[in-house]
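Have a look at the structure below before the remarks.
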Amino acid sequence: MTNELNPGLIVILGALLVPFLPGRVLRGAFMLMIPIAAFAYLRTLPMGDFGQMELMGLQLQTLRIDKLSTVFGTIFLIATLLGVIYALHLGDWVQHTAGLIYAGSAIGAVFAGDFVTLFFFWELTAISSVFLIWASGTANALSAGLRYLVIQVGSGVILLAGVLMHYRATGTLTFGAMSTETLPGTLILIAFGIKCAFPLLHNWLANAYPAATVTGTVILSVFTTKLAVYTLARGYAGTEILIPIGVTMALFTVIYALLENDLRRVLAYSLIGQLGLMVAGIGIGSDLAINGAVAHAACGILYFALLFMAIGAVLHRTGTAHASKLGGLAKSMPLTATFAVIGALAAAAVPFFAGFISKALILSAAMKAGHFWAWAGLLAAGAAVVIHTAIKVPYFAFFAKAQGEPGTEAPANMLLAMGLTAALCIGLGVYPEALYSMLPREVKYQPYTTEHIITQLQLVCFAALAFVLALRFGLFPATTRATLLDSDWFYRVPGRHLAMIANRFRSFTWEVVADGIVKGASKTYHALYHHHGPDGLFGRTWPTGMMAFWTTVTLGAVVILSYL
Amino acid sequence: MSAMTFLNAVEPHLPILLIIVPLFGALMATFMRSGTVAWFISLVVSVLVALIAWKLLNTILSTGTPIIYKIGNWEAPIGIVYKVDQLSGFVLLVIAAIAAVMMPFARRSIAAEIKQRAQPWYYAMYLLCLAGLMGIVITGDAFNAFVFLEISSLATYVLIALGRHRRALLAAYQYLIMGTIGATLYVIGIGLLYVLTGTLNFDDIASRLGPALADPERRNAVMAALGFAFVGVSLKLALFPMHVWLPNAYTYAPSVATAFLAGTATKAAIYLLIRLLFTVFGVSISIETLPVPQVLIVLSIAAMFLASFSAVFENNAKRMLAYSSIAQVGYIMLGVGLACLPVLAATTDASPATTPNNGMTAGLVHIANHAIMKAALFLALGAVYYRIGSVLYKDIAGIGRTMPLTMLAFGIAGLGLMGTPGTAGFISKWYLALGAIDTGWYSIVFLIVASSLISLIYIGRITEVVWFREPSAAAAQAKEAPLSMLVPLWILALLTIYLGLDTRATVDVAAEAAKVLVGGIR
Amino acid sequence: MSADQQGHHIETPPDKGTGATASGASNANRIVYGLSAICALLVVADLFVHKHGYFKIEHVLGFYAFFGFLACTVLVLAAKLIRAILMRPEDYYDK
Amino acid sequence: MQALETLATHYNYFITIVLMISGLFIVIARGNLIKKLVGLSLFQTSVYLLYLTPAKILGGTAPIYNPAYKVYSNPLPHVLMLTAIVVGVATIALGLALVVRIKEAYGTIEEDEIFSKDPDSE
């Protein structure tokens, strides 16, 4: 039995102990031990299916170790460790616990062998992570958190509906390759797609990540979307529809990332763009493409975590992450600036940095499979990443003319976390075999050929040139504080009107009937009151009478329906 | 006489003891001067009742045949019988266990919320209510059920009126009017059945309804009887739109009374409705041809949405939970409604009589699960009320920092209410969705999904208030709840998780009961 | 919209020619020239690389350079145009 | 003619229905808490009549266990209604007690005035 515990559960159980530990030092040391212990345990596990369990008469496999789950589990555990280090300065146990439960549930989901276990952890990621958003304590965080929660749990319940139907149809709960031909398959794909920020389903990410706490955003950026990438890679490898979806994700986010002022939002959109690359890779479905998607997920986790950490440090020190209020911080925060540049170079896929070795796989796969337009689109998006992420983010934060107060260098634990992450970004870039050897499919790939290096450098440098020229000739769109319309408009604006109408409706039935007991009822109540006049039947019906009246109506309705 | 022979002598009389013990306890409690002594009596009685209920259910499950207790040794159609089968045994245990678990909590809470003089009365009424609820569930006689319904209701009105706020009086008055109308409608329905069949015994009515239905003239009367009884009981169980007495009653009753009523009172009424629909009408009428399932499903779904919606906008935590209770009753009744519909042949390979009906299983499981979760939630609020004297959002803001254990238990139960996997609520929802899929109503699956998202919002909202808002003046001063409150609270919270992981205690029994109930029809 | 938020439309970049970097115009010019030089070198390097591309267009001299530059320019200009449609006051959703 | 005959033979039922409807109407339409209770009482009374009507047999006697009496009324409904009357009395008594307390607390027993005295939703 000890051999069959899901490593995610170790992290979760550890997280549950965190609140009870006295003192920051002891607590910090314990938190550092959690991912390390889980990793050590993971190393002892052989490949195979374990953790058979019966629940409600269903056979569950709570633990599945194979190459795909191991590579994601490993990178998740590394990211957990980095996130813990980055957050060590915090005294708030709620955030620590929530963050670790969140990380643990994402890890648990990766190792889940069946849909019910997956669903369990899937929902747990949603519920635990919302605390990281709420913990920032602003009014915006509350509403963004609630929207995030509803969408995330919504994805879970759609998954559940799909799973139930799948179970009815096939009698199995094992999570394996799925088909989009059937309704359950489509539902499950939609559920995964929500977490993976498919176009039009994406804006929970762009809204929630910038609303979370400094440390929360770093943790958030790692797990949810990459978990979705994992599930897609397992369930929907080679599903053609994913290619256009991925390319769309990669391209449309460019616009938003270019225009956004809040640097954490820029990174959020950029993150969606990179997810597009992975989704397209999964859609292509060849061994090379799947390896590329997985590798890119691993590298993306690292360099986005690094960028979010750097911008988080800026936010922590200056109180803002808005491009229009920052600048010139390279002098006061030199180390943070250096790490941000390393993250930027990795994001731009400059040779010898992490992004290069993974992106090349996907583009080569697209090329080999002959998907010309997908290849061109991803290439263009890759060039644009250079501008909106690799240059814009460090430039406005650290090198542009100072618009706000200078900060001071980030706390030591943050610097340590950034330093380690930066080292990994470079390390993987220099020695890709460390990652390649873990990838799920057996394909040999050599990223470092002269051709690759030269062409990629051309792409990066000319993109940079385009940026410099655009900036110089005033063509680069100004970054101002503003709201950019996104697909969330569809539920935020009409949704608000709907809510108001619904609220009216509630007033109509409730206030009159029940809340009407409470004087000072809504305008509707008064309108109704006056409309029917004090002498009419309704005018004289006070709530008790109204209750009795509705009962009578129901009675009449039931009896009449019986005779129909 | 040794203990063993005493137990053996008592055992055949356990069903009647289930009623007599709390009745007698109530009588004793009224004569007590001190609230603490009355509390102790109630504690002993509640635990005793729970043990008896547990013993009865175990006997049923091991033998598989119902226990029939003839009062005064009169045979069934003439005398009143108490009948304990899988269904009633299950509901009896749920009610008795909830009542027993919250007794340790009651002493401090009641001492703080009710005047010294009235405390013994509170316990007397509480035990009377318990006796009434047990009676509703255990009796096999339709009119006897009415009497017990009224006993429990009358006691409930008093319990509510004991609340601190003067609006409690009005809430009790309104509930009295509505409750009486409901009971009267039920008794009219029963009266019509009596006229038609000449008997009041549930099983006997069921066996004699067939001929009455064959006669077209009498058929109308049967329909009317069903309509009256259905609406009357629905009022007691707060089915939308007859739920309007509930929010105020729950809001202004003393904290413990709210937790008790939310956990048990509506459940007994739900039991009665299931009994009527499936045992009395179900066997001789094919229910699908009547409008009742459709009406049930539509009203349940309306409750799931409209009540949840009200809960979202609520700023009083108790009232929010009251609205949520209405929505949760919707879930239970939706399961019951789905159980009335025919199961699609393609989805089941075994014969319907041997496969448990998923919709009914969901409804019955949720009776237990909801009772546990709601009792935990209301108890947590009771502990908060004990400390700061308010459950308004503005006053409980940030209370998670000063009462973390209480609010953690609240959070766990809240997760259950949302149907989070790993909690009891998920089990209910799983079977409910399966039930909907069984009958081919896929759209209902999505409605269940959508309404659980609304419950996510109201639980999310209070979670945010409690954990992340700046503490209010009162909340900052609060201390963690005393142990006598935390223990019952955490028992219920841990049960919420336990029953989400090990479903033998709930689902297996419920499925057994569902098989007996629904299997008998088809 | 508060006065505080209104004051922030003066952001980067300033008008052409005045230099957008922290170190002024000459520094900016140096960066442009330096970058251009590197770019030119990279295109020249293209001549000496044997390409294995799968699409014909890849074999065009300096294709990646040209493509990167064009893609970025088009996307930046597109963003500038779309900005007019998408941009709303910061408190748009709170109204 | 036939309608008249129905009326004559079933007048008990019609009285039941009239009592039931008027009772319910008073509960619905009157704002005075005591009047509502009166309505409730009427509503319950209709049930007594509903049960007793089929139990009474014309020319029947009380059910005395003696061969001399061949035709007797069914005793069960009468007994049931005794119980129901007790329940009804208890309900009305409790209701009236509540009204007394409401009068003490609010100074009025008109429902609309009570609502206006507790204006807050708290």
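Letters A, B, C and D mark the chains as written, and numbering starts fresh at 1 in each.
Please note the rule applied: a contact is a pair of C-beta atoms (placed from the backbone, for glycine too) under 8 Å apart; a residue touches a chain by one contact, two chains touch by 3 or more.
Quantities reported herein were computed from a predicted structural model and do not represent experimental measurements.
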| item | value |
| --- | --- |
| A-D compared against B-D, more contacting pairs | B-D |
| Distance from chain C to chain B - Cα centre to Cα centre, in angstrom | 66 |
| Centre-of-Cα separation between chain D and chain B, whole angstrom | 28 |
| Separation of mean Cα positions, chain D and chain C [Å, integer] | 85 |
| Junction residues of chain B - those touching two or more other chains | 170, 173, 177, 181 |
| Touching two or more other chains - residues of chain D | 24, 27, 36, 118, 121 |
| Chain C: positions in contact with at least two other chains | none |
| Set of all touching chain pairs, with the criterion as stated earlier | A-B, A-C, A-D, B-D |
| Residues on chain A engaged by chain C in the complex (per definition of touch) | 254-255, 258-259, 261, 323-325, 327-328, 367-368, 370, 372, 375-376, 379-380, 383-384, 386-387, 396, 399-403, 450-451, 454-486, 492-493 |
| Chain D - residues contacting chain B, complex | 20, 24, 27, 33, 36-37, 40, 43-44, 47, 50-51, 54, 77, 80, 83-84, 87, 90-91, 94-95, 98-99, 101-102, 105-106, 114, 118, 121-122 |
| Complex contact set, residues of chain B against chain D | 143, 146-147, 150, 154, 157-158, 161, 166-167, 169-170, 172-173, 176-177, 180-181, 183-184, 187-188, 191, 194-195, 315-316, 392 |
| Contact set on chain A toward chain D in their complex | 515-520, 537, 540-546, 548-549, 552 |
| Residue ranges of chain C in contact with chain A within the complex | 5, 8-9, 11-13, 15-17, 20-22, 28, 31-32, 35-36, 38-39, 42-43, 45-46, 49-55, 62-69, 71-73, 75-80, 82-83, 85-93 |
